[in-house]
Every structure is written in structure tokens, then in C-alpha cells.
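Both complexes below contain chain A, partnered by chain B and then by chain C.
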Partner chain A sequence: MKLVVRRRFYKHTYLKIVLTVAAIGLTLLISMVILYLASNIPPEDFIYAVYMGLIDPSTLRYLIPLTLCGLGLTLPYKAGIWNIGSEGQLLSGAIIATYIALYIYPTDINPIIGIPLLLIASFMAGAATALVAGFLKARYNLNEILSTLMLNYIIIGLGNYLVYGPWRGATQYGYPRTDIIPSQLWITNIEILGIRINMTLIIIILASALALNYIIKHTRFGYDITVYGLNRDAAIYSGISPEKVIILTMLISGGLAGLAGAGEVLAIHRQLIRVQDVSAGYGYMAILVAWLSRMDPMATILSGYLVAALISTGYTLQILAGLTIGAVNLFIGGLLVLATALDFLLEYEVEIRW
Partner chain B sequence: MFRNREVIGLVGSTPTQLFINGLSKRFGPIHALKNVSIEFRGGEIHIILGENGAGKTTLAKILSGIYRLDEGEITINGTPVKIRNTKDALRNGIAIVSQYPKLIEEMTVAENLLIALDYYGPLTTPRSVIERAVELADKYGLHIDMDKYIYSLSFSERQRVEILKALLLNPSVLILDEPTTLLTPNEKRGLYRFIEMLKQEGKIVIVITHKIDEALEIGDRITILRDGKVIVSLPKEKLTKDMIIKYMFSDGAEENKYNQIFIRRDASNRNAVLVVEGVDVIDDYGYIILKNVNLKVFEGEIVGVAGIAGTGLKELGESIYGLRKIARGQIVINGRSVSYMKREEIANNVGFIPDNIVKTLVLELEVEKNFRLKKSLWSITLDAMERYINKFRIKAESPNQNTGTLSGGNLQKLVVSREVALKPKLLIATNPTKALDHISINVIHGIFREYASNGGAVLILSEDIDEVLRISDRIYVISNNTIKPVDSNKDARKLMMELLT
Partner chain C sequence: MVGIAEEIISRMVVASTPLFLATLGEIYTERSGVINLGVEGLFVLGASISFTATIITGDPYIALLATIVLGSVIGGIHGFVSTYLKGREILSGLAITLFAYGLASILGRPFVGLSLPTRINLANNYIYLLIINILLAILSWTILFKLKIGAIIRACGEDPSSAYVMGVDVDKVRLATTMLGSGIASLAGGIYTLGYIQVWTEGAGMGWGWIAIANVIVSLWNPILAPIFSLIYGGINSMIWLLQLPPYNISPYLLGTTPYLITLITLFIIVATPIKKYVKPPAALGIKFEREERTI
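And now, the complex of A and B:
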């Protein structure tokens, strides 16, 4: 038997979908085997957990921050700018939203202005965090992977300092968390067809996806991003400004992550808690979400849903079989490896000859 | 020391015979080679001649295992062989020196050559490979400093490294794809001598080119490809330049209509579009490569600057286009100093054809998208684009074809057509016809002329003296680290040759 590998002439859209589904399918299959061998979890339980993951309402809850951050990453990744700071950018949004809600607003603030302003402020906070890295890259050519990663640690440190220190709530029995924000500022779920959905945030996600899709596919700026990502020399020769591409993609990317942070505070926690509990690594998993969608904003919604379902499945397994968080990591890690490996097939065709 | 040499299947000095029969290759809808049969003989320099996009490179890539054939048969010394990858090709003694050297910039010459270790046995030491490389370099006059890093090498030095890399594998068939495109006249003669030596040793030398004079000068046998088909394959003596032109181009019989004669004109009473005053140009390492450059280009004229590769031609163009800082002096385009202009403003007002056109193309995107690279061309209609594509004789299936699949010459034409379509006030063209066939060169020269007649200012920076002589209204030569005007009417060619050497 012989394997013959050849480069493809076209990258077919259907292949992207088939390969993504295959990556997820294989991940599940491998995880099933590992969990059976290692922890003796019967395959039926596993399949049940996966099924639950796909339909569980909590999947929607994870989908929101994952997709928002993932959407944000599509732009810089298309430009070849590796923002891995979504985690910190999300937290900046969460911190600012809490700060304004608790310390700036009058307690009887009208939510019609109060909520949009909070969302705008958190967008700006996330954007500002990302822009630190963007500026350093545009101006001094500093590697954004390092700067965004380090900024994550800075924001994590800052957030925890605040909840353990000056912002620790008077009504919280000494726990490291702020007071609860006024209830009229909460973004609540509404029930549609028996499923409780956070309509506000879902609409924000859909609107962002449509807008980003339009930007990437139909605007000059989207084209500039693509060119910059594929051939920097060509961008510079033709007068595309690298600074503009870096700054704007980072700004939008950080802003959307910041929105996700506000969402976590206003819709889920209603206060700022220890930062590792605000974002359980959504900013990092969003890298996988963006990657699985191959930087296609519309597909990001789907990949966000799939990764969210895997997280739910992991938690279901934790409850069903007493597993630890390792189960979630098993999926995420497995998916990352397989998706990257199968990406190869998108560019190359393999023929088996006997 | 080299007892492992036979591992790679070498035949020493017995003349080899390479026969390809009924070879076909398709790329999706594009039929690049159609039923091609050619016989190559040892001790012969075999030229593959053809217009841009004829299928020359495709043929070379099939023989050297980079592409796989769809149909057909390859026979070496009477035995059919299968070439599925580059390893297979090397095992059968076929090596290629590709048009653009593919070396690792951040490694030394020696380190790049060690790739050959793969093909020697496990007991061969790196040192012995390098010793062998030095031996070969001495033998063939391909001298090169083994410890230099690739990024510091000129094009011809890089090509020498590529050739040594191929020779280390002791091939019996050596394919050279457009080897002289980027060489100076002296370097060219060196390469011809080298090819001649290989021939004397009985090897098969396959040289791909679209230069007719070169084919007639160095070839023993010439095969002409057109549209992926073999038109003729004959000993050189049976062909003349006129016949070759007729065979190479489908409209070769009327090639005269492209072959204009240009009359020099005086435009010095018109506005100066470009003024370069007392400029010192710096190279990649921060050294001054051209001192005190003074140069003007007026509306409606073509100014040609001739120079040898590596003496500052490309750097001069990049400085004017604002890609390179200058050490002294000033550059003014349309009354505005380049150092105060934004990149976007320069890009949209100045047409620029760089020495390395790939730097201005996104090979992964469609032809159409590449045409729109500069903002002023963003909304050009498909109709207008197709008119340019036809006018420049660009061989592309459709504006949706992936740019990376165009042939070398067609990529070059794509960039030239785009920069002309921009209708800039100033057009800077570095070696604009470098990779082009006979008729394409004439077409492009005609377009430059037409462009100047309509009031455009054209600056040609070229390593090709004949090109500069032919189309320029005024001429400069790079000599002794500066540029000097040459009186274009008096014996210009002789003067230029003197100054250049």
C-alpha cells in the first residue's frame, strides 16, 4: 500500500464542513474509548452525555462568551495577527461593567440607557486592552503573542486584587466578590419554545457575525486584512497601512471579548467574582472556536455551539461519573489536535494505492 | 570517500538517452501539456523554447518529480521509469535548477548544500560533502564562499549554490529553467561555459528559455512548445530566427506589427514629474550604494537607466517609490517631496514594477483580486480588466483563476498591466520585461510608448541595455556608484558597454 499526497487545486467549502465534523466525531470517539478504558465509563453513558450536551440549555450559556470572543478573533487571525489575549480582554469588560454599575451609576439608573452604556463601556475596555498590544506591535513591532498573553496575567491579577481588596462587597460575608449590581441592570433570559434564551446577547452575536462577515467578504478593509495576512510585502507595496490593519483588527477583537465580559457579569454572575470563576478559560477556548470556523464569522456561530456542547458534555460527565475538569480538557485538547491534523486534508489530497 | 555515489543511480560517462512519449498534464480545466513526445540525448544541449504559458516549466517540473504526469511514459536508456516525486527523479539521475532559487536564507551556503547528505549513504560525513562541493566548484568555475549566509548573496551566487546542490547529486540529466533571466552578460558567459562542460561529459542538458537568440547561440537541438504541444523538435542548424518566431507564436507570422521602431523625443520643455536631487541611495545593509543621484523625468518621456544587477538599480527604484530611506538629497514627485507623502498616496499615484514582482502579488488570491490591490483600482470593472488582460496578452483562463497558477511570464505581465491600468503620473519599471517572450516584450514596449505619448512619465530601470536603448528618450547608466547621462544619439551602445564594465 502506498500513500500519495498531492496539493489540491481548490479548497472546497464542503470539505471544510466535512473535516470539521470529522474532527469532532473523531474527538468524541477517541474520548469515549479513553474514558471507557481509564475510568470505566460505559459508552452508553458517554453517548447520553454527548446527547445532553447538544440539547442542554447550559450549552447556550457557554456559547455566548465563546462565540463572541471567537468572532472577535476571526479578524486578527485572518490578518495573521495572533491575539491570544481574549481572556484578559473579556475580563477587562467584566471589570469595567461591574465598576460602572456599582460605583458610577445612581442606584435607580434607568436600564434603557444603563445597559447599552455598560455594553459600550465594556466594549471599549476590551478594545483598550487589546490596543495596548496592537499599539506595541504597530509602533515597535513587538510580538503580539507575548504581549497579549502577558496582558492576560496583568488583568487577571488586577481583577483578583479588586475582588479580594477594595471592591470586596459589604454584603458578601467576606467572600472575595463585589456586591450584587442593581437588578434592573441584569440581562435576563426569556423563554422561547420552552428554552430559556438570553435574547439580548444572542442578537448581539448574530449582528456581529453578520457585520464581520460583510466586512471580510465585501469591504475594502476586509480585503486589506486578507492581503496583509497573506503577503505583507504586497500590502506595503500597494499602500495598505499595516498599522491600520493591526489597530483596527485588535480593536474589534478586544471589543467583542469585552462585550462577552459584560455579558458574564450582567447575565450570569450579577457581580464580579474571582476572575478564574468569571471566565473559565473562554478566551482561550475561543481560539479553538475561531480556528475551527477557519475565520469565517458565520461558521463561528456553529463552531461556538459545538465547543459549547463539548463543555456541557464534560460537565454532564463530571456529574454522571464523578470525573474532574480533566474531561473537558480531554475534549478541548483532542479537538485542537485533530482539527489541526485534518486541516492538512483541506490543502492536500491523499490517495491510497494498493 | 564517495563510494556511496552509486546509491543514487549514476551512470558516469556513458551517454544517456531520455525519451518522453505522449505526455499530458491537466490542471483542473487547464490543459498545460498535450501529448508531448521529445527525445533528449546525452552530450547535447537541448533547448525548450516557447512563449509565456506554453508549458515549459510544467514539463520541467514533471521530469524532476515536482508534478506528476497524467498520461504518458518516460524512458531512460530504454527502460521505462516512474517519476512520482523528486526522490524518484534524483534516483534516475534527473536534477533541476529552478528559475527562482529556493534556498534557506538564514543558513550558510555549506549548510544549504548539506541537503545532499540525504542522498549519500549514512556513512558520509558533512565535511566530505562540502569538500566535494568545493571540488565541483573548482572544476566548473562556480566559485562561492561556503561560509556566507544566503541572504547576503546576489542572484547569480544563489544560482551557483542551486547548481552545486544539483551537481552534488551527480545527475546525468540537468534541467535549467530560464537560467539566464537574471544574470549579467559576464555571468551569462560563465553559465554557458559550465553548460558546455556538462555537455562534453556526455550529460543531457535541458535549458528552458524564451530567448530566441540564446537558443540559437547555445543549443544543439531546439524543441518548440506552443499551447502545451510540441510544434517542432529539430537540430539548431535547421532553424532560423524567423522560423522560430512563426513556430513559437500563433500570430508569429504577423509579429512585425508589434515590432515598432521608436523615435527619441525631447520633452524637456514640459513639466518635470520626477525630480531626484543629490540623492544618496542606501542598500539593505545601510551602505551607500549610489552617490549623488540627479535625475529628472518630464511629462511624456521615457527615461531609461541601465545598470548591472547589484549596483543599485533596484534600490534606486525603491527609494523613489518611498520604500527605502535615502541618506541625503530629495525626491520630488509632482511637486511633492516623497518623504512627506503617505504610503497610500504614493501607491495610488505612482505605478511601480519592482524587481521581484512576487512581492506585489498575493498568489493565493484570484487574478481579479490582485488587479484591485491598489485602492484606485478597487472598483475597476471586470470588462475593463479583461481589456487589459487581452491587451497585455496575459494567458489566464478567467479573472477568477488563482494567481499562483499563472506561468512566470504571465505573472510579470499581470503586474505590468495593473500598474499601467492605474494610469499613474509616474511609472517606475524595474526590469519590466525580464521574464517575457519576444512578442510580449514588443507589446509592452509599445504600451510604454503609448503611455508616454499620452503625457505619462516613465522611468525604466533595466539590466537589459538593448531594452534601454530601444525605448528611452534619454539614457543614464549606473557606473562607479552613481548615474551618468549618456548621449543617446552618439554611439550610445558602445558608450554604455564601456561604462558598465
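And now, the complex of A and C:
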């Protein structure tokens, strides 16, 4: 028997979908076996948890930060620029939003001005964090993977320093969290068909997805990004500026992650809490969200839902079996490695000759 | 005063060892042309497994052996995906890190708060530890730059097509060095828990793998230089321990950012000063080796 491997000339869309579904199925199967062997979780409990994850309304709550960060990552990943810093960029947005709402605004700020300004400020904070890495990459060719990772840890430490130290709220009985932000600044849920949905943030997600889709498919800049990602040398010879691609893709991805951070503070927590409770690794999970969608902004919403369902599954298992939420990483990592591995069948056709 | 100075030096050497080992492993991997971001997760997994296995078996050395085997098998998944399957190695490496984080959390969960039955006492023998580390660095340098096996590994990382013509199975060599690097990274995690922190809580060892990957660049892909930043980093770690106690009382959260800040600044110094002319990553680092392209 001999395996003959040939590169495919056409990457069929149906194959992308089949392979993604296969990766999800295999991941769930492997996770089920590991959880049964290592933690004695009966397979029926696991299946129940996955089912609950898919239908539970709380999935929508995780969808929002995941999709915002994932949408942002579609641009740099299309250009082959590995921004791994969504986590830190999200937290910068959350920190700035809390700071302005608590310490800059007058307490009777009008929400019609107040909320949009907060969102803009957190977009800028996330973008600024990403731009540190973007600048170091564009100017000094410093590896963006390492700089964004280091920035994540620096901002995590800074955020925890603030909530444990100078920003610890006077009304919080000594818990490590800030005071509650004024209630008119909260972004509230509305109830549609019995499900509580945060309409403001969903609209922001839809608008960003449409805008990014337009940028990628119908603008010169989107074309530049695609070419730069496919062949860096050809892009530079054809006059595409690498600095512009790096800076702009980092700026947009960081900004959207920053918005996600403001969303977490204004719509969920209403205060800054310990940073590991603001973001349970959404920034890292967003890498999977962007990748599962093949960097297609419209499909990112769907992949955001899938990854959100995995987080919900993790929380259900936490209640059923006493796992910590860290166990979710098993599904996320498993799915990412399987999706990357199965890409082989998308890029190559394999023929078996006897 | 001598007591404190000696304690700081011994902590510095002990803390530098896990970082040094993980860096050494990743140097082998990157010299063959593969970037392994899984090192971070495998370090954390090694920290968890070595702890649980020591409690189960009672023997830290059997536990470390099990850690190396499991680490290289899981790292081997990344190796296989990024060589034979031509997958994106940044993604598969990150995936292995997340997967290993999850596995570490699940496996360590029943053992949180338990104490080790026996300990590996590194702090009292820190001088021998330092000598062993330096000998390991020299040995690795000899292997990579003076022996034929090292020439083969470096050929895969510099010019895989020529290596192939000379009869080297590029994907096999790359898979082997990835498994080697992954096993060493897990061992480093194991030494981190058994020899340094001596307890296990969820998230123990997170971040060390990233620093190790940065340290590969700072060491200019040369094993001889790997102990330098490792010792600086170990020193920072022991200073952090001192500075959060009275009379300094600096916030541990703020101090916790210093290793990353200093790593970022060191990377910046490496690429923004005249040192940058010595920064020569393997020419085919992160580039897939594909035979078909030459035959089509």
C-alpha cells in the first residue's frame, strides 16, 4: 500500500465545513474519553453538558467578548501577523472604561454622551496596547507573538495591582474590586422571546462583522492584507507597505478587543474585579474563533457561538463534576490542534494506491 | 547578611534551572526549523504531572521520568502536525499549550493542597546545580556545533532542501527535536514544582514557557549563552520574593509584571542595538519543507 499526496489547486468550501465539523466531533469524543479516564465523568453527563452548552442562554454572554476579539483577529491572521495579545488588549479596555466611569466622569453624566465616549476610549486603549507590539514589529522586527504575550502578563499584573491596591472600592467590604460604576452607564439586557440579550453589544458585533467583511472583500487595504499574508515578498515588491499592514491590522484587532473589555465592565460586572474573573482567557480562545471561521468575519459569529458553547459546557461540568474552569482549555486546545491538523486534507489530496 | 546573600544566590540558581532547561530544549527544536509554542503548556503540564506522580508513586525520579515521556508524546502531536501534516505551527503550538493547560488542571485537581512525600533538595546543592547547568550548556553546544548529529539538525533548520539532497529525512529530524524539546520542557516544569516551589496549585508555572521562548532569541539560538538570561531571570525571581516582604512591602501583583517587562525590554535591546547583527535565526525557522514543489 502506498499513500500519494498531492497539493490541491481548489480549496472546496464544502470541505472546509466538513473538516471543521469533523474536528469538533473528534474533539468532543477525545475530551469525553479523557474526562472519563482522568476525572470519572460519565459520558452521559458530558453529552448532557455539551447539549446544555449549545442551548443555554448564558452561551450568548460568552459569545459577545469571544466574537469581538475573534473578529479583530481575522485581519492580522489573514496577513500572517500573530497577535496573541487579545487578552491584554481586552483588559486594557476594561481598565480604561472603569477608570473613566469612576474617576473622570461627573457622577450625573448623561449616558447618551457617556457610553459612546467610554466605548471609544476603550477601543483606543486596546488599540494602543496592540500598537506597542505593532510598532516594535514594524520598526524593529521584534517578534509580535512574544511582545503581545509579554504585554498580556504586564497588563494582568497592572489590573490586579489596581483592584487589590489603589482602586479597591470603599463600599466593597475589602474585596478586591472597585466601586460600582454609575447605573446610567450600564449597558443593559433586553428580553426577546424570553431570552435576555444585550442588544447594544450584538449590534456592535454585527456592524463590525459587516465592516470587516467589506474591508477584506472590497477595499484596496483588504487586498493588501490578503496578498501580504499569502506572499510577503511579492507584496513588498508590488508596493504594499508592510508597516501599514502591521500597524493597521494590529490597531483594529486591539481596538475590538478593547471594546470587548468595555462590554464586560459595562454590561456584566459593572465594576473592575480581579482580572482573571474579567476575562477567563477569552483573548486566547478568540484565536480559535478567528481560525475556525477561516478569517471570514461573517462566519466568525458562528464560530464565536461554538466556542462560547464550549465555555458553557465547561461551566456545566464544573457544577456537575467539580472541575475547575481551566479544564475548558482542553476542548479549546484540542479543537485548535485538530482543526490545524485536518487542514492537511484541505491543502492536499491523499490517494491510496494498492 | 551573608545568610541572606547566600539564600538569594541559591534561589537565583534554583529558579534559573527550569528556565534554562526549557530554553535548551527549545533551542534544539528551533535549530531544526520548528517553533514550538507548546513549550509553555508542556512546562505547566510537567509541573502538574510530576507533582501528582510523586504523590502516587512516592518517588520523584520515577515521576520526572513519566513527565518526560508524557511531555514528549504530547509535544510530538505538535511535531507531527507541523512537519508531516504541514500545519500552521504557531496555531498548533498554541493549541498544545491550551490543551496542556487543561490537562494539567484536570490531572492536578484531586491533589491540590497535598504535600510532597519526598523533596528534591536543590537549594542546598546549588553550586553543583550551577555546574551541571553550565556543563549541559557546553555539552549541547558541542552536540549542535561540533558533532555530525548537530550538523544534521542545523541543516534542517537552515536549508532543508539541501539537507534532503544529502540524504537527511528532514521531517523525521524535526519531529525528533520537537519531541526532545517538549520532553525537556516538561522536565523543566517538573523540576520547577519538585525542586523550587514544592507545592502545586492550579496555574503553577504559567508564563515560564513564554519566557523560555523569548530566552532562545536572547541567547541568539546558542546553548552556551542560555544560562546568562536564565540566571538574570532567576535573580529577578528571588528579588521579587524579597521585595514583597517587609520592610519593602511592594505589591506582589506589580512585582509579578517585572519578569515580563524585563524580558520585553531585553528583547528590545537585542533587536534595537548593534547586538542585532548577531541575531541570526535559523534561515528556515517556521518554514515548511515540501518536496512536491521541486518535482511539480
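As a convention for this text, the second predicted complex is superposed on the first by the 346 of 354 C-alpha atoms of A that agree within 3 Å, B and C clash if a C-alpha of one lies under 4 Å from a C-alpha of the other, contacts with A are read in each partner's own complex, and residues count from 1 in each chain.
Here is the rule we go by: contacts are C-beta pairs under 8 Å (C-beta built on N, C-alpha and C of every residue); 3 or more make two chains touch, one makes a residue touch a chain.
A quick note: this is a predicted structure, and the numbers were derived from the prediction, not measured.
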Fit or clash - chain C, chain B, common chain A: clash
Which superposed partner A:I215 touches (first chain B, second chain C, both, neither): neither
Chain B versus chain C as contact partner of A:R6, first or second or both or neither: both
Partner chain(s) touched by A:L230 [first = chain B, second = chain C, both, neither]: first
Dominant toucher of chain A (residue count), chain B or chain C: C
Which of chain B and chain C A:A309 touches, first, second, both or neither: neither
Which superposed partner A:L71 touches (first chain B, second chain C, both, neither): neither
Stretch of chain C, among 19-27, 127-135, 163-171 or 199-207, that runs into chain B once the two complexes are superposed: 163-171
Overlap of chain C and chain B interfaces on chain A (superposed complexes): 6
Sites on chain A touched by chain C in the complex: 5-7, 34-35, 38-39, 82, 84, 136, 140-143, 145-147, 149-151, 153-154, 156-158, 160-161, 164-165, 284, 287-288, 291, 322-324, 326-337, 340-341, 343-344, 347-348
Sites on chain A touched by chain B in the complex: 4, 6, 9-10, 220, 223, 226-227, 230-231, 233-234, 236-241
Complex interface listing, chain C residues touching chain A: 37, 41, 77-78, 80-81, 85-88, 90-92, 94-107, 109, 202-203, 207, 210, 213-214, 217, 251, 253-254, 256-257, 260-261, 263-264, 267-268, 271-272, 276, 292, 296
Residue numbers on chain B that touch chain A, as the complex places them: 27-28, 68, 84, 323, 342-348, 352, 354, 359-365, 369, 372-375, 378, 402, 405
